Structures are given as C-alpha cells and as structure tokens.
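Once you scroll down, you'll see the structures, which are given as structure tokens.
Each of the two complexes below includes chain A, the first together with chain B, the second together with chain C.
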Partner chain A sequence: MSTTVTKPRTALWSGQSIPRKEDERLLKGQGRFADDIRRHHEAYVHLLRSPYGHARILSVDVSAAEMAPGVITTLTGREVHALQKPFIEIAPAPGGAIEDYCLAVDKVRFMGEPVVAILAETAEMARDAADLVQIDYEPLEAVVQAEDAVREDAPRLHEQVGSNVVWHGVYDYGSIDAAKQAADRIVKIDRLHFHRFTSTPIECNAGLVEYDPGSGEYTFWCNNTMPQFAAMFMGPALDIPTDRLHFVTQDIGGSFGNKITTYIYLTICAILAKKSGRPVRWTEFRTDHILGGSHGNERTFLDIVVPVLNDGTILGIEARAIDDAGAYPRYEPLGAVIWSQVVSGVYQFRNVKVDYTQVVTNKCPVGPNRGYSRMQHLWMVERIIDIVAHELNLDAVAIRKKNYIKPEQMPYETPNGCVYDSGDYPGSLDAALKLIRYEYWQDRKQSTRGSGKLIGIGIGSTLDSGTNNFGQARIINPDLPFSGNGEVSNVKLDLYGEVVVTIGTTPQGQGHETTAAQVVADILGLNPDQVRVLVGHDNRRNVYTGFSGTYASQFAVTGLGAVRGASLKLKEELVTLAAALLEADPDEVMLRGGTALVDGDEGRSIPFIGLANIVFANNAMMPPSLDVSLNCTYTYRPPFQLPDVERKQGNLTLTYASQIHACVVEVDEETGETKILEYACVDDSGALIHPKIVEGQVHGAAGLGIGAALYESLDYDAEGQMLSPNFFAYKAVTALDVPMMKTAAIESPSPFSPNGAKGMGEGGGAPLHAVCSALQDVMHQSSRALVVDSFNPSERVYRLLHQDEHAPRGVQVISKPS
Partner chain B sequence: MLLRELEYVKPDSVDEALEWLGRLSDAGLLAGGQSLINVLKMRIGGYQTLIDISKLEDLKRIEMVGQGIRIGAGVTYDELLHSPAISLYRPLLQEVALRIADPQVRNRGTVGGNCCYNDPTCHLPPYLTAIGATFEARGPKATRMILARDFFVSYYQTALAPGEMLVGVYVPIAKRGSGDGFRAMSVGGTDVLNIVAGASTVTLKEDGTIGDVAVVVTGVAEHPLRLDGVESQLVGSSPEPSDVRSLFSALDTARFDPVDDVHASAEYRLKMAPIFVRRALEQALDNARRGLRD
Partner chain C sequence: MTEPVKSKRITVTVDGTEYTRTVEARTLLVRFIREELDHTGTHFGCDTGHCGSCSVLVDGKVVKSCMMLAIQADQAQITTVQGLAFQDGSLDPIQQAFSDHHAVQCGFCTPGMLMATEYLLSQNPHPTEEEIRRGIKGNLCRCTGYVNIVRAIQALGAQEEVIS
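For the complex of A and B:
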C-alpha cells in the first residue's frame, strides 16, 4: 500500500499502524461472542419457520410439541398478538399501516418467517419438538418481483395497506427538463437491476435473554449492532420503558449492518424469557440467517433518461426506482432517503429527478447492508457513465475525468444541499489506473482479441458517505423526532491511575479499542498499551446516545470525536489538578508517560496514580476550590441542521470518503467465465488514524463487492421459495475467490470532522461498479450488449456475449436537431 | 441445523462394520461426513444408526497391486494429494483432488464417500469412469469387483447392494503415451459446485495415433456419461485442434438431460457440457503427446 499524505502528521500515535489491541484476545480464542455467554438454568429456542412464501395460517397446534421431552413452553403468533404491540413503523401511511409482530400472526409473508417458537432444555429437544407442531396453511399467490408488486392486480401482502407500496416520493433537483432542452443528445436506458445479496457475517445472529421479575429488566447479551435503535422498537412493542432493556455486546463477528434488525428475534426471546422464567438462548444456524436474517436492498431502475452534450458532459439523470423491501419494512423506508446522500455520485451534473417507490414482496425483509442504499444508486450512475461512453464512442476514463467533481471545487455542495468535504477523484483515478497497469492492458486488449479470451478494463468510482444526519428521516416521515447524530465516550482515571475508556459503539472487527487508545494516548501523553478500552456497548455503563452503535461509516468521526472530547476534558482536569499540587501555572504542566510534570523543571512531577489517589482515596488533600472528578464524559455532535423536508434538501452526511477502483477482467468467450486479472483500490478516507485497519476494511469491502458482482445472489422462485438458503447454494465469497489487490490511500483531510478523518467502512460497493464496467468494456468489443444487472455469473456473461445483434439492446440515443 | 438423535457404532474392522451393516436395517456408513452430515442436518434423509468407518486402517491404505494402485475407500483427498504412488502413476488424480472445495473439506472427505455419494457435482465419478477404475465391494459373504461404468447408477445411487460396502478403488497406472484430462466449470476459486465437468484419458500409439480413448461428461445426466460415439471417431486418428473442435461442436447431445437449478439453467449446462468435455480431451491429448515426446 502506498500512501499519499496531503498534510504533515503531528501526532505521535494517530496515523500509525500499531498492533491491534484486540488481536491478542481474538487470536488466542479468548474473545467473548454472544454465543459464548452462559447463564445458569438457560434454555434453548428453536424457531419453526414458514415453508411458504405467502400463505394464510389456518391453525396452529402446539399441544404435541408441548408434551415432547424437555419442552418448557412454546410461543405462537396468536399469543404474540396478545402480548406484543406491533413494532413501530418508520413509514407514514400507507406503509405505516403495516403491522409487524415477532412471530407471524395470521399470515406468513416470506419463506423462513418464524411462526412458532419452542423453548426446551436443549437445542436438540427444541428442534425435535418442532416436528410435532401441526400448522395448516392455505397457500396464497406470492409476489416476488418488485415490478409486479406495484401492479394494481398484484397479490397484497398487507391487506390493510391497500397496496404493496411502502413509500413513494419524487426527488427533483435542478431542472431535468431544462437539461433535456440543453442537451445535444438524450441517452435512454430501459432498465437496470441491482440484485439482492447480503454480507454473510461469519457469526450469525445470537442472543441470550434474561428477565428479572424483581426489576422488570430484560438483559440482552447479544450481537445487535445498534442497540438503542432496537430499544426504540422493543420498548413500545413490549409496553415497557426502554430503560428496562439492558443491552450488552462484546466481541461481534461481523455485521455489515445485517445485525441492526435483530430486535425481531430478541423480542421473541424476551417474551419467552418472561413466560418461562428461564434465561433464553438463541443462536442462528447459517440457514436461519440466510432465510430470515437481513438481506440487502434489491432495486430496479426504469426509464432512465440521460441528457448529454456531444463532448460527454452529463447534464443530469432521470429515473424511476423501485426498491424491494421484502415482506416487512423494519429499518426501511430509510433507504428511500439515504441514497440521496450521494445524488450525483462523484460527478458534477446538477439535474436529477428520481421517482422512488418502495414495495413489499414475499421475500426476507431487507436491512442495512454494507454500502446501504447508496451503492444501488451509485451503481446506476456508474452504469450510466459507461453506457453513455460506449454509445457515444467516448473513452471511459476521459468521460469520468470530464464529469468528476474537481479537488479545487471542494467543499462541494450537491444539488440537494449535501456538502462533499474533500477529495481528489481525478488523482485517485490516475493512481488506480497506474496500479492496474492501464497502458499495458489497453495494448493487451487489442492483441488478445481472436484468442478466445476478451480483456475488459473497468472503473468504479464511488462514495462512502459517513456520519448521517438522522434528520433526513423526516424527508421520509416528517413526524419522526430525529435529527443530527452523536456518540458518547467516557474517559476516566481509575483508582490507581489507569486510564479507562468507554464508548457506546459495537465494534465488529473495526479495531475500536486500538484507534480509541491511539487518540487517548496522543492527548494524555501515554502509550496506547497504557489505555484500556472497554469492549462493546453496555447501557449500564451509561455511555450512549440514541445513535450509539457501529454502522454507516461513522466511528472515526463520531466515536473518535467523542473519545477526543472526553480525553481533552480529562487532560484539562489532570493539568489543573497537577498545577495546583505542583504550585505551577497550568500552562507549564505537561503530561508524559503517565506523569504530570512541569515543563523545564521535570523534578516537579506527580504520576497519574498520585493524582487518582488524591481524588478518589485521599481527598482531604484536594486543593481547595478545585472541582475535578477525573471521570469525564463527552458527547460528540456533528454540526447538522434540520433538512428542508418539502424540497428534500439538506446536508445529510458529514464526510464523503471516496473509492476509485479499477480492474482488468478476462472473459472466456466460449463459456462466459470471468477472471479478475488486476484489481486496484484507491481510497481516500481523509486523515488515517490507523492505515492498516483502513486497508483491512478496504480489502474486506472489495472482497464482499467482488463476491456480490460474480458469485452471490439471493434467489427466489415465483412462489417465493428461497433457492439459496445455505452456503452450498449461496456461494459466499472466500479468500480463495478474491484476487490479489493493490491498494493505495490518498489522504484529503475532512475539514468538518474533529480529526480530519472520514468514516470509510462500507466501501461504496466499488467492485460491483468496477466489475460491471469491465464487463461492459468486454461487451463493447463483442456483442455490444448492455450490462444491465449488478450480478454477472458466467451464465449471464455468456448470454450477454451471445446476445443477438438485432435483439433490442435496451438503450437508445436520440440526437437532437441542432 | 441439528441432527435427529441416532445410534452410533465404531467398529474396529471392516468385518465388524459389515456385520453391523448386515444386522441393522437402517444403518449408514460414516466416513468423512462431508456430504452425509449435511444431509442428516437438513433432515431430508437419514439413518437410525451411523457406522463410523473413518478410522479403519484397512480402508486408509494406498498400495501398488499389479498394474494398478489400490486406493482404500477411507483415503482422504488430502492423503491422495500426499501419496507418492499417485504422484508417480496417476498424477492427474491429484490435480482433480486439489480442486475439491478447501483444505478443511479435503482433510476429511474420502475417495469412497465421493464415489458412493455420486452427486452430479462430485469430482471423482467422471474421472474414475474415464480412467477405467474398478470398485471393490465387500459383502457379508463375498467380494466383487465392479467396473466404474457399472458402479455409478443414478443420482445418489451406486451398484452397491444392501449390506455391501466399498472398500477400495483400483486405478490403473498410467501407461507410456497416455494422458488424462479433467475440466470443470465451477464458480470462484474453488470447486464447491461443478456445473458441468468433463474427464478424459487418451493412450497414443508410438505413431501418435489414438489407440484408446475415454471421454466422459457429467452434470448432464443421472450418472457420468461416456461419449462412445466420440470415442470411436477418435480411435485411430491423430486429431488436430480444429478436428477436435468440429467433433465437439457437432456433438449429439440427445442423451443429455441436465438439471435446471439455482447454479445454472439446463440450457446453459447443455451448452457448456461439450465445451468442458472437449477441453478435458484436449488436456488429455496434450498430456499424452508430451509423455510420448519425453
């Protein structure tokens, strides 16, 4: 990895790839994951899931199961209907009328929906008893494709809603009509489809849930990654104050957003825990996770219109988007606004009109998934760029450079009021092209033709917008009482001078313990080894906001912003206290190696243990009139305002990390098999706190994206039967499938974040864009077919290669009379 | 995914395993468990009793027997990869085994298990059919030898009779002038699921013409299919690359009846089968010609 630094580094620890603090524990198998927790007298849940995509539940008989050996109790939808209020819905009407319970009540709406829960002494006994449950279903016609779901005569999932539409809105910025007038040509693309896949964290969802009748408190030892969001759903559903919901997370084996919506399952466990009086253990198997966990959003773009000038200048984009939420919206329809953080992608066009509809279908509900909602839109934008380039016979690199926002335009306000903080997209592209040996492969492309193999070069230019302004939720539903964002940290000196850091976040591999320690070490003059960072989220520690968690590329800004603020407060207290004790001016006191000392007179010093002693155990020695606790809490709040809900305008995110990826693929003309020959990632994540952790995230995001582009698809048949419910049918990407990657980092510090860093964990789906772009380049040399799907396994590539030259291509270029 | 409760026995010898197999009406043999355990977990099939033969030393040997190598049914893919006898006398078998899934699977999965499972995505059935392997089946009373072309009967079915178990596979040693080929269409960097596969072996005469050839395709029928028509056209010839191409582009696929599933459509399998089997033959020819030159 090569790093381009645009600002000199001043800190000692921040910016260095020090060994990760959490690795000693994790590499020795000493991590504590949700399934490692044990409670006395615990019992096991098995969830009996729907075998149908859409069916009415005529009857449920659990009597035989309840008599089975080891069974403690069962839970049915009928009981849940009495014990639980429907979960709140984020959507206003019509989607807001959907009633969502933790178990299916009257109907099942997706294959894998939990119908009956069985609690038993062992997991095996619970599973065996499930075979004794009798359920009569009346199968109903399923609706599986989003484009079918919007039809008037489509089967309805939620009758009371009146249609399958969850949310609809029109985003209209600039003037697409004026752009069409001004254009030399109009490029029309019939349909682009972004497919359904997920991130398959290596640890599935799990929880151990205990109810304490004395306090009325439920404790959830779990791997939910946005616990206070879960609490917002679960408190009203269980009709209890949210302070009775005690979440504890520790080590988490990946989430990628997928673990945000586990509140459904945690609610089942909570009801069972109260009903049985037993701690309830729930751990998913992979098939459970794929059938009923959380899928990524599938989105279809229709009737795309792109006004362009002859020189390749893109004036705007118009499209209809139909997003498929699966059977229940849950986190949705937040995705219906989140994409608009990146309305124009990395490009300068100012006229955008998107008619956005979100529907329900008989498929597993979606939830946030790495690159959430933005990568779908950014993929469409990148497809448009390549298609326009090919239709107009323009160079794919040149058209990008012409349309990219330039570094000198930063900070750049987008047509909908978002502000891109910093970045160098053309510079990143140059770096990526150099890494893939662009000139070499351009030559090889020509010489390879006729050999049975075709070479394609692809570019994916994308953004990872981080640190949401939750006020954007009001664009979906003006009644939602959300805005801004924030995270809390507490940094304190413990009784013997140890520095202990608490944060509200739920790290899943992002190295929070290490990076937080780097920040604290720099401020308090310590070595990161001297800083203890507590693992995970625990609301008993009283360090959280409603936004606490780890999601949406924000820790480097919100989490470390909070750690920084709390450390600075503690530093001030330490310096003030030491100055009083050492009879020095606070300006003269410095902190070094766990000691406060007087600059230039270092014999006058007091170690942290001495300062702690005075405050915590020896306070008759406290200097009079000093009010220090050495226990400092700080809430970082990014500077956000409420968006303009009517115009759908506002600054929706604070930072914009960019990913410019480039790749070279080789396609076997006979078979459609695609092999990646070169892959380069140039990421600009602002100031890097820990370059190696960032590079790890870059590799991970690229690997997942490559998997999604070539191997991974969640498929259903017309009846809503899930065709890929395990790792035999769902080909999850592994290290063996990922090519060697070349990475480079450009550091354009964010002027808006406290430390110049940008959130960067999601990676913007860059490989999907880059691989499709390379395949488009291949098709340009052969059948001239359009790459219109984000998923391109060999069979689809084969079909594109062999597409009839006279078949409709799904694209039209209309030249306007001059 | 939890197994139903079942009985488990761990015999100390093949004889004892056969005794259990004869005595119990609903017993299955557990070797590496790489397929069986998954089937049991999904509860789509099952046995009352598992007879664990994974540690039987008699099934773990690889030994030279006359003009062949006898591979014990319990030999794992990883053990195949590390066998000097295989390296020397049937090297392509190692290339085939190396393609199977990942090291974890290869450490447990066995030759016998791969053959007895006989899923259309399995690697060994087409290859062993092509090279003319023989299967040693032991029953309670007698041992019989079954030719590969008879052994693989249909999806998940072999010629083993109730009470019989596969104890070894005889693989003929590669003769001078012979070469093997194996080409599979899979996804990603490992073969978790082969969409179609082709296997071939060619023996050339001193004059370079084909003396003997087997061409086998899998993934398009209930068992590995030998393409007899192609074979008879090849025997006696010394085909140029263009001859091979035209032979396969005109391939009669009437006998092919591929499945249509989430991995590939039947139509695509039908189109890919001739290509992969042709590539297997090309590889076999290359290897054979190289052998003759050396």
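For the complex of A and C:
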C-alpha cells in the first residue's frame, strides 16, 4: 500500500500498524463468540418458520410437540400477543401503525418469519419436536415488487395501515426547475434498480438468554451490535425498565450492520427464559439467517431527469425512489433520510429533488448493511454520470473531473447543509487510474475489439459518511427524541496499577482493542502491551450511551474520542497525584513506561502501582487536598445541532471518508462472463490510527461489493418464495472471485474530529459503481445498452450485449433550442 | 430386519487427547467437537458445507466437520485450530503469518482458514497465487476480501521450510 501522508506524525503509537491485540486468541481458537457461551442447565430453541410469503394462520396446534421427548415448553404467536407489546415503530403514521411481534400473530408476511418456538433439552430434540407442530395456513396473494406494492389494488401486508407505504417524503434542494431551464440538454432515464443482497457475516446471529426472577433482570450473551438500540425496542415490548436488560457481547464474527436488528429473536428467547426458568440458547443456521436475518435495502429509481450543459456539467438530479423495506420496517425508515447525508455524492451539482417512498413487501425485513442507504443513492448518481457521458459521447474521466468537488472547496457545504470535512477526489481518481494502468488498458481496449472479448474501464466513488447526527431521525418523525451522537469510555488504574480500558462498542473485526490501546499508550506514556482493553459491550460496566455499538463508521471518531478524553482525565489525575507525592510541580511530572517521574530529576519517581496503592489500599497517605479516583469516564459528543426538519436540512454526519475505485473488466461476448482484470481502491479516511486495519477494511468492503456486483442476489419468486436461502444458492464470493486489488491511501485529516481521523469501513458500494461503470463502457463499444441494474451476473451481461438495437433503451436526450 | 443403530461408542483423538464417547448416529462431527468436547475453537457458519469455518484435519486431510458424522471419525486423529500452536503456547508459522499480514479481522473464518492453509501447504509447500486461491476456495471470509489471507499464504510459500 502506498500511503501519501499529508501530516507529520507526532504520536508514537497512533499511526503505526502494530500487531493486533486480538490476534493471538483468535488464531488459537480461543476467541469467545456468542455460540461458545455455555450456562449450567441451558436449553435450546428451535424456531419453526413460515413456508409462505403471505398467509393467514388459521390454527396452530403444539400439543403433540409439547409431549415429545425433551421438550420443555413452546411459544406461539397468540401467546406472544398476550405477553408482549408490539415493538415501537420509528415511522410516524401511516407506517407507525404497523404492529410487529417477535412471533407471527394470525398472519405471516414473509417466508422464514418465525411462527412457533420450541424449547428442549437438546437442539436435536427441539428440532424433532418441530415436526409434530400442526399449522394451518391460508395462502394469500403476495406482493413482492416495490413498484407493485404502491398500487392502490395491491394486496396489503398490514391491513390497519391502509396501504403498503411506510413513509413518504420529498427532498427538494436548490431549484431543479431552474436547472432544467438553464440546461442545454435534459437526459431522462426511465428506471434504475438497486438489488437486494446482504453481507452474511460468517458467524450467524446467536444469543444465550437468562432470566433472574429475583431481580427481574435478563442477561443477553449475544452478538447484537447496537445493544442499547435493541433495549429501546425490548424494554417497552416486555414492559420492563430497560435497565433490566443486561447485554454482554464478546468476540463477534462480523456484522456489517446485519446484527443490529436481532432484538426480535432476543425477545423470543427472553420470553422463553422467563417462562421456562432455564437459560435459553439460540443460534441460527445459515438458512435461518438468510431467510429471516436482515437484508440490504432494495431501491428502484424512476423517471430520472438530469439537466446538463453541453460540456458535461451536471446541474442537478430529479428522481422518484421506491425503497423496499421487506415485511416490517424495524430499523426503517431511517434509511429514508440516511441517504441524504450524501445527496450530491462527490459532485458539485446543487439542484436535487427526490420523491422518496418506502414500502413493505412480502420479503425478509431489511436492516443496515455496509454502506447502508447511501450506496443505493450513490450508485444511482454514478450510473447517471456514466449514462450522461455515454449519451453525450463524453469521456468518463473528464466528466467526473469536471463535476467533482475540488479539494480547495473543502470544507464543502452540500445543498442540504451537510459539511464535507476534507478530501481530494480528483487526486484520488488520478491515483486509482495509475494503479489500474489506465493508459495501457485504454490502448488494449481498442486492440481487443473483434477478438470475442471486450474490455471495459470503470470508475466508482463513494462517500463513507461517519458519525451520524441522530437528529436526522426527526426528518423522518419529528416526535423522535433523538439528536447528536456519542460514545463513552472508562480508563482507570486497577488496584495494582494495571491500565484498563472499557468502551461501549461492539467490535466485529475492526481491532478496537488495538487502536484504543494505541491512543491510551500515547497519552499515558505506555507501550500498548501495557494497556488492557476489555472485550465488547457490557452495560453492567456502566459505560454506554443510547448510541453505543459499532455501526455507521464512527469508532475512530466517537469511540477513540471517548478513549482519548478518558485517558486525558486519568493522565491529569496521575500527574496531580504524583506531583503531590513527589513534591514537584505538575508541569514537571511526566509519565513514561508506567512510572510518573520528575522531568530532569528522574530519581524522583513513583510507578503506577504505587499511585494505585495510595488511592485504593493506602489512602491514609493520600495528600489531603486531593480528590482523585484514578477511575475516569468520558463521554465524547460530536458538535451537532438539530437539523431543520421542515426543509430537511442540516449537518447530518461529522466526517466523510471517500473512496475512489477503478477497475478493468473483460467480458466474453459469447457467454457474458465478466472477469475483473485490475482493481484499485484509493481510500481517504483522514488521519490513520492503524493503517493496516484501515486497509483491511478497504479490502473487505471492496470484496463484499464485488460479490454484490457480480454474484450475490437475494431473489424471491412472485409468491414470495425465497430462491437463495443458503450458501448453495446465495453465492457468497470466494477467493477465486476477488482479484488481488491494489490500494492506496490519501490522508486528508478531518478538521472536525478530535484526532483528524474519519470513520470508515463502509466503502462497500464502490465496486457496484465501478463494475457497472466498466460494463457500461463495454456496452458503449457494442449494443449501446444501458446498465440499469446493480446486479450483473453473466446472463444479464449477455442479454445486454445482445440487446436488439431497436429495443427501447430506457434513455432519452432532449436537446433544448439554444 | 434388525433395528438400525441409533448411537455408537467411538474413540477419537482430538488435538492429542483421546476421547471415548457414546454419540447419536446423526451427530455431526462439528457438533461433537463443539458441544460434546467443548472445543469451541472450531466454528460453524452454514448448513450446506460451503463456508468452511468448521474445517479440521482428519487423519491429515482437511475435512469440513459439518459434512461428516462423528461416528465416521471413530479411531481418527483430528487436529483442530486449538492444536496448532506450539507446546509453549507460541504461534505456529501459519498463525504467525496470518497475524503479520493482518489476515484476521473478526476471526470467525480463521480457524477453518488456518486448517485449509495447513493442508494446502502440506500438499504443496510453494503454491502459486492461483493454487492458493483454489486451496482456500471452500472457505468463505466476509471481512478481508481474501487479499491479506492470500498474501499471508504467499509469504509462507516463499519460505524454505514451512511446517516443522
């Protein structure tokens, strides 16, 4: 990786790729994941799931199952209806009227929806007993396509809502009408479709849930990645104060956002744990996970209008977006505002009008998925750029450079009041083109034509907006009591001087233990090996906010911001205490290698164990005027204001990491098979705390994006039958599918974060943009078809290559009389 | 006709320790290792034999332990990820290379990936990139894009002597 450093380093440990603290246990099989937890007398859950996409439940008979060997108890939707209040809905009316329970009550709305839970002495016994449950269904007509769901006569999923619409709103910035007036030409695109896929972490969802009748407390040993968000749903649903919900996370085997909405399943386990008096163990199989876990948002863009000048300047974008939330909104409709963090992408156009509708369909509910809600929009923007270039016969690189926001415009305020903190998009593009050997492939493109293969070059950009201002939720529902963001950390000396760090986050491979130790080590004058960072989230440790967790690209800012604040507090206490004991001025005291010493007179020193001793075990020796605890907690709070809800404007996120990807593909004209020949990612995540971890995130995001572009799609038939419910049918990318990508980093420090870092990890969309762009380049040399879907397996590429030249192309260019 | 056998007594050696247990005939090897022996280092991530996170060595050959019944492993020598490190606890060269090259993120695929690598290098100590990719194609990783995993194995392949 070639790193362009734009800021000299002052820290000793931050900025270095030190060995990860997590590695040893993970490499030895000593990691502790949710399914590795064991409790005495535990029992096992098996969930019986709906085989239908949409059906009425006529009857459920669990009597035979309850008599089966080893069965402890069962749970049905009717019982849940009596024991649970519907989960809160984020949407206001109409979507707010949806009633969501942990098991289906009276009706199933997606294939895989849990209907009956069985608890037994072993997992096998629970599964055997499931065969004895009798359920009568009356199948109903399913609605599977979002565009059908909005029709007046469409079957309704939630009758009480009156339609399938969860949320609708119009985002209108600048003046699209004025832009149309000013344009030389108007490019109209009929329809673009962003497909449904998901990141499928290799560790499925799991939990072990205990109920303590004495205290009324539930403990969830689980891999949920936003526990206090889960608590917000579960407390009211179970009708208990949220402090009775004790979440413990440990090692987590990937999440990519997918493990945020597991509160549904944890609620089933909680009810069973109370009912049975047994610790309840639940682990998904992959089929459970794909059928009923969490899918990425599918979005259809219709009637796209793009006013442009003849030189390729894009003046704005108008579109209708229909987002498909699946059967229940759950985390949604937050995605209906989150895309607007990147309303104009990396481009300068300032007139945007998007009419946004979110609907329910008979498919698995969606949830955040790496690049959540922004990649759908950015994909549309990048498709528009390539289609405009294609239709106007402009160069795909030149049109981007013309329209990119320039580094000298940073910080840049977008049309909706978001502030891009820093970045160098043209510089990143140049670096990416160099990595893929752009000139060489431009030549090869010509010489390859006629050989049965075609070469295409593609470019894609993403903005990984990090550290949300949760105030944006009010744009969806003004009554929501959220705004800002924050994370908490505690840094303390333990009784014998050990430095122990606690954070509210739920890392899943991002190396929080390592990077937190780097930050603490720099501040307290230690080696990172001398810093112990506790694994995962545990609300008994009392270190969390409502936002705690690991999602939405924020740890480097909020998590490390909190660690930094707590370390600085501890440092001050250590220095003050040492100064008093050593009879020195605090300004003279420095911390080095676990000892406080007087600068220039190093014989006067006291080790951390001595300082800890005074405070925790020997406090008659405490200097009387001092009040130190050596136990310091700090909440980092980014500087946010409430957005303007009426105008849907405001600063919605703090940092904007950027990724420019470029690729070269080769398409076989006879089969449509697409092979990636070159792939490059140029990432700008601001100041880097641990360059290797950041690069690893870039690789991972790109790998998932390449999978989504060419191999991975969650498909349903017209009846709502899921066609890809396991890894046999859902083709998660293998080592053979992902090329040896090249990476480079540009560091444009964020002026807004405490350490210049930007949140990162979600550049997952960029390969979808880059691969589609390369395929568009291929089509430009052949059928002139438009690439209108984000998913392009061989058969679709083949059809595009051989599209009849008289077939409607789905695009129109209207020249205006000058 | 005689009743089919529903359970059987088996003896297996896992990471150097011999175990004798009576197991249900339908018990998958992965569940035997995880639930019966509590060796939770070996993971499982699918139900179709695609993810490879359950990979172990059975008599020296890499096997997806979810694709084999425990009773089929009777009398076998099994090595799991928990048997890789040296006696003194230090990492073996493959584990070390994965750490050095940041080929571990969440670590969930890692146990299986290490076992697949162990087997690959035992068969082919100096594999090409293509051979490496073929060697681990049955092991899914969702975190790394495989880049650093391939690099770690390339580095091992470039060494003279890999497995001691």
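Assume the second predicted complex is superposed on the first by the 817 of 818 C-alpha atoms of A that agree within 3 Å, B and C clash if a C-alpha of one lies under 4 Å from a C-alpha of the other, contacts with A are read in each partner's own complex, and residues count from 1 in each chain.
Rule of thumb we're sticking to: a contact is a pair of C-beta atoms (placed from the backbone, for glycine too) under 8 Å apart; a residue touches a chain by one contact, two chains touch by 3 or more.
The shown structure was predicted, so the numbers you read here are calculated from the model rather than taken from an experiment.
By the document's definition of touching, of the two partners only chain B reaches A:Glu795; chain C does not.
In the superposition on chain A, the chain among chain B and chain C reaching more residues of chain A is C. Touch criterion met: A:Glu203 reaches chain C, while chain B stays clear of it. By the document's definition of touching, of the two partners only chain B reaches A:Arg127; chain C does not.
Touch criterion met: A:Phe285 reaches chain B and chain C at once. Of the two partner chains, neither chain B nor chain C is touched by A:Glu99. In the superposed pair of complexes, A:Glu498 makes contact with neither chain B nor chain C. Look at A:Asp184: by the touch rule set out above, it reaches neither chain B nor chain C. When the two structures are aligned on the shared chain, A:Phe728 is found in touch with chain B and with chain C. Contacts of A:Glu719 after superposition: neither chain B nor chain C is touched. 124, 285-287, 727-728, 733-734, 736, 738 are the residues of chain A that lie in the contact sets of both chain B and chain C, per the superposition on chain A. Against chain A, the residues of chain C that register as touching in their complex are 24, 26, 34, 38-43, 45-48, 50-51, 53, 80-82, 84-85, 91, 95, 98-100, 102, 104-111, 114, 129, 132-134, 136-150. Chain B meets chain A in the complex at residues 1-5, 38, 102, 185, 187-190, 192-193, 195, 261-265, 268, 271-272, 275. Taken in their complex, chain A has these residues touching chain C: 17, 19-20, 22-33, 35-36, 38, 124, 199-204, 251-254, 256, 285-287, 508-511, 692-693, 695-696, 699-704, 706, 726-728, 732-736, 738, 740-741. Partner chain B is touched in their complex by these residues of chain A: 123-124, 127-128, 285-287, 670-671, 673, 710-711, 715, 723-724, 727-729, 731, 733-734, 736-738, 793-795, 798.
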